[in-house]
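Here's a structure for you.
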Amino acid sequence: MQRVCLVIGAGAGIGSHVASRFARAGYHAVLCRRTDEGGLNRAVAAIVADGGAASGFLLNAVAPDTIEERIAAVEADIGPIEVAVYNLGAQIGDRALADTSYKAFELGWRLATFGLFRTAASLCPLMERRGRGTILVTSATAAMRGNKGQHSHAAAMAARRMLCQSLNAEFGPKGIHVAHIIVDGMVDAPDTLGRMLGADGFRRLREERGLEKDGLLLPAEIADTYFHLAQQHRSAWTQELDLRPYADKPWWND
Amino acid sequence: MQRVCLVIGAGAGIGSHVASRFARAGYHAVLCRRTDEGGLNRAVAAIVADGGAASGFLLNAVAPDTIEERIAAVEADIGPIEVAVYNLGAQIGDRALADTSYKAFELGWRLATFGLFRTAASLCPLMERRGRGTILVTSATAAMRGNKGQHSHAAAMAARRMLCQSLNAEFGPKGIHVAHIIVDGMVDAPDTLGRMLGADGFRRLREERGLEKDGLLLPAEIADTYFHLAQQHRSAWTQELDLRPYADKPWWND
Amino acid sequence: MQRVCLVIGAGAGIGSHVASRFARAGYHAVLCRRTDEGGLNRAVAAIVADGGAASGFLLNAVAPDTIEERIAAVEADIGPIEVAVYNLGAQIGDRALADTSYKAFELGWRLATFGLFRTAASLCPLMERRGRGTILVTSATAAMRGNKGQHSHAAAMAARRMLCQSLNAEFGPKGIHVAHIIVDGMVDAPDTLGRMLGADGFRRLREERGLEKDGLLLPAEIADTYFHLAQQHRSAWTQELDLRPYADKPWWND
Amino acid sequence: MQRVCLVIGAGAGIGSHVASRFARAGYHAVLCRRTDEGGLNRAVAAIVADGGAASGFLLNAVAPDTIEERIAAVEADIGPIEVAVYNLGAQIGDRALADTSYKAFELGWRLATFGLFRTAASLCPLMERRGRGTILVTSATAAMRGNKGQHSHAAAMAARRMLCQSLNAEFGPKGIHVAHIIVDGMVDAPDTLGRMLGADGFRRLREERGLEKDGLLLPAEIADTYFHLAQQHRSAWTQELDLRPYADKPWWND
């Protein structure tokens, strides 16, 4: 049985880079994403080609029992989940209240908040029994303040943040490290930012801000901080930190 | 047609006192609560006996269409809703993660977050057309930080807070005043605190902290600040404030 | 002996309007400002002409013993200071680090932070003996977040905010209400904004944003909220609130 | 010329462990502290014995020109300061307002705030010219909220935090990484905690919380996170994070 790093939301950006970072350090990376079996298989194959261990699963995080069953199966078949990375986004772009349907508002909550609750409800008892474990939660600017057009996203992400704090209050003393990571900027990720902007827009943005200019958050660099968090000694844990490109204004500035 | 102050969550604490404060100033108070038709009728009768105008309706805020239909009916039958007070709580007491069912977690969100979203979705277009309106949202310590046993409550209230901020960002410039009121302490309210503690516990607590000692938040005094918020001139609006008894430690201390 | 409302920083904006609001309610308003004896006398005369009681004093809040002696003299000669309004600003405009002298940085602290500490050190023992009192502290966006060019201002105002919190922690339970008021926008005040922009710039800004548009914070309206804070019952005190024009973005939005 | 890590406040706790962590990675560690030349020499010798490069200097950070001259001398004699660690504390224990002298209040500001301002004023132009540099600022719970007896400490640390934010706003885009590190718990450090508690109290605390229990922040572990921050790629910088022992309540909980 190998120690496992489970990534829920393993797209081509943060998710798969974090998976690959942990695999390089000897974890069996388990990558879960909703769609794109081809992309999933390529990510797994890349880790294996690099000498790591990895498995991939399609997982619809808003359907009942999916998260719960995946966690149980990984623990039974692969190994103990030492690190879980909850990396599902819930950004739907800027939408006026009139354009935010009840369904969209609820879906934001199911992805951003309830999915993490289900993950914690399944994992924390296992980690508590082992006396240790790490849950790394990707979060966003919207967790820190509401903004125009962010009705669904801000509510969902703020709930995610407070859920991290209440999980930390209960499970920190039991050896489970829950960290809330505020990704406060645009990530150089084809699956999310790329899809939102379209191929042309994404290419233009990368030319303007990316590459040598480091104006986009590079997922491989983000992954180093995720890995550091999971290695922190329990006498000095971080519960919350932010990440942004050097030239970006933080959310609290305009 | 009278100008209306609609209170969603008009129990015997903050809700009915705020209703009665606005009625004294000439608003038609519309009181909505889920249960206790007797208590609802008494609250309405007390306002009327005091020379005010009031109506009462039972309203289940988690059932579909209830909020939407009530708002439409009030606007059609009574008058324009100038002030809406969203006063539904979602406190379920301290519960470990293992004792927080999926259903309880979702119910917290439906009461604290989704109900406010539905209220805003129904009201904001009407208020926007009139170029003015006030939405006062009762909130709690849990909106500011997660804590042990607060998995459901903190997530739901934090989402409520951020929803207030995103509503403010879209509708403030259109003349709608959205205020988030952090009630950071125990309210002297038989329907909520009283029910949570039981009759004996509530009586003991009132003897220890209440009465002359002002150790509980008195709903009639809270109501004065709600009323002040609704009277603020639009050149100097408050988006967020806290309320607590003088001798209580704020949430950031302890 | 009359009950006194002492205003430290009684320029033509918030300070004198707050003084006049409290005078209308029967307080003896004591106005202190550093310069412009003519303006000071006119503000006092206007209150008296309006039927109120007022006195004015020049006060240099960064010189030794000035605040201390003024408080002692007011208590001896006029009456007990029931409400103190600390309204000194410390904005020096946007300045790069290279243009912020040690002297300017220290002066910001002396005005914004140390002056409030001296005021509290003098007043709190008197208020504690009386079992009640109110200290209203005007603050600014810069108390909530640092920003470009705000090295001096943000450090000074953040210190002011935390001093309010520590004063509240010690003196709230002794009946002293300390409120921190975040004025998050431009105030329609000739002495501060007017001086910073120059006569022409100020006139243009008022034409663009002020008057019917309510795009500047009107000091007379701000004063109503200061007055409300001082009247809150001790069972429901506000420690912190924000104020801004309806169409302005809050500091947490861009 | 070697690249330098300058530590201002290099006592036996965080300061010297951070110095030694950077020395292990090839930096020349420059340790500065106010007193205890013997302890300073031992810390330098330990780094050298470990194969690293280090120098030590006594430095009184509240005396004029000391910081400025030390920075100039290090740049001239040893090498470019790539990383500066501002690690001076300003905790004076819990003191009621009546027991907090003007002098103590001002000293807190001189140590916690003004010393950092002087450091930045000296270093930022040099780092800006080089297009890179890192300033790591140790901070405390008191930066986040005022509390009873913390009048001096909270004001000083909050000012430090906001100064970090304004420095970041100006110098982040110029390649200077400013990080604010909230050490939210007791550090296992003989020079600070040890001195505050006395030898016996410190030994008892270590027996109760320290050693196998990891109930105190271990400076060697803290140093790993400081080092990680200085290695973050500029596309993914952290401006703020917290550190505390796994079983400790965060400042926002009680």
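A, B, C and D are the chain letters, set down in written order, and residue numbers restart from 1 in every chain.
Just so we're on the same page, a contact is a pair of C-beta atoms (placed from the backbone, for glycine too) under 8 Å apart; a residue touches a chain by one contact, two chains touch by 3 or more.
All values derive from a computational prediction rather than experimental measurement.
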item	value
If a chain touches subunit A and subunit B alike, it appears here	C, D
Selected interface, A-C versus B-C, where C-beta contact pairs are more numerous	B-C
Distance between chain centroids, defined by C-alpha means - subunit C, subunit D (Å)	34
Averaged-CA centre spacing for the pair subunit C and subunit A, given as whole angstrom	45
Inter-centroid spacing, subunit C versus subunit B (mean Cα positions, whole Å)	31
Set of subunit D residues in contact with two or more other chains	145, 147-148, 165, 168-169, 252-253
Arrangement of touching chains [line / ring / star / complete / other]	complete
Residue numbers on subunit C that touch subunit A, as the complex places them	144-145, 147-148, 249, 251-254
Touch list for subunit C against partner subunit B, complex	165, 168-169, 172-173, 175, 177, 188, 214-218, 221-222, 224-225, 228, 231-250, 252-253
Of subunit C, residues touching subunit D in the complex	96-98, 100, 102, 105-106, 109, 113-114, 117-118, 120-121, 124-125, 142-143, 145-151, 154-171
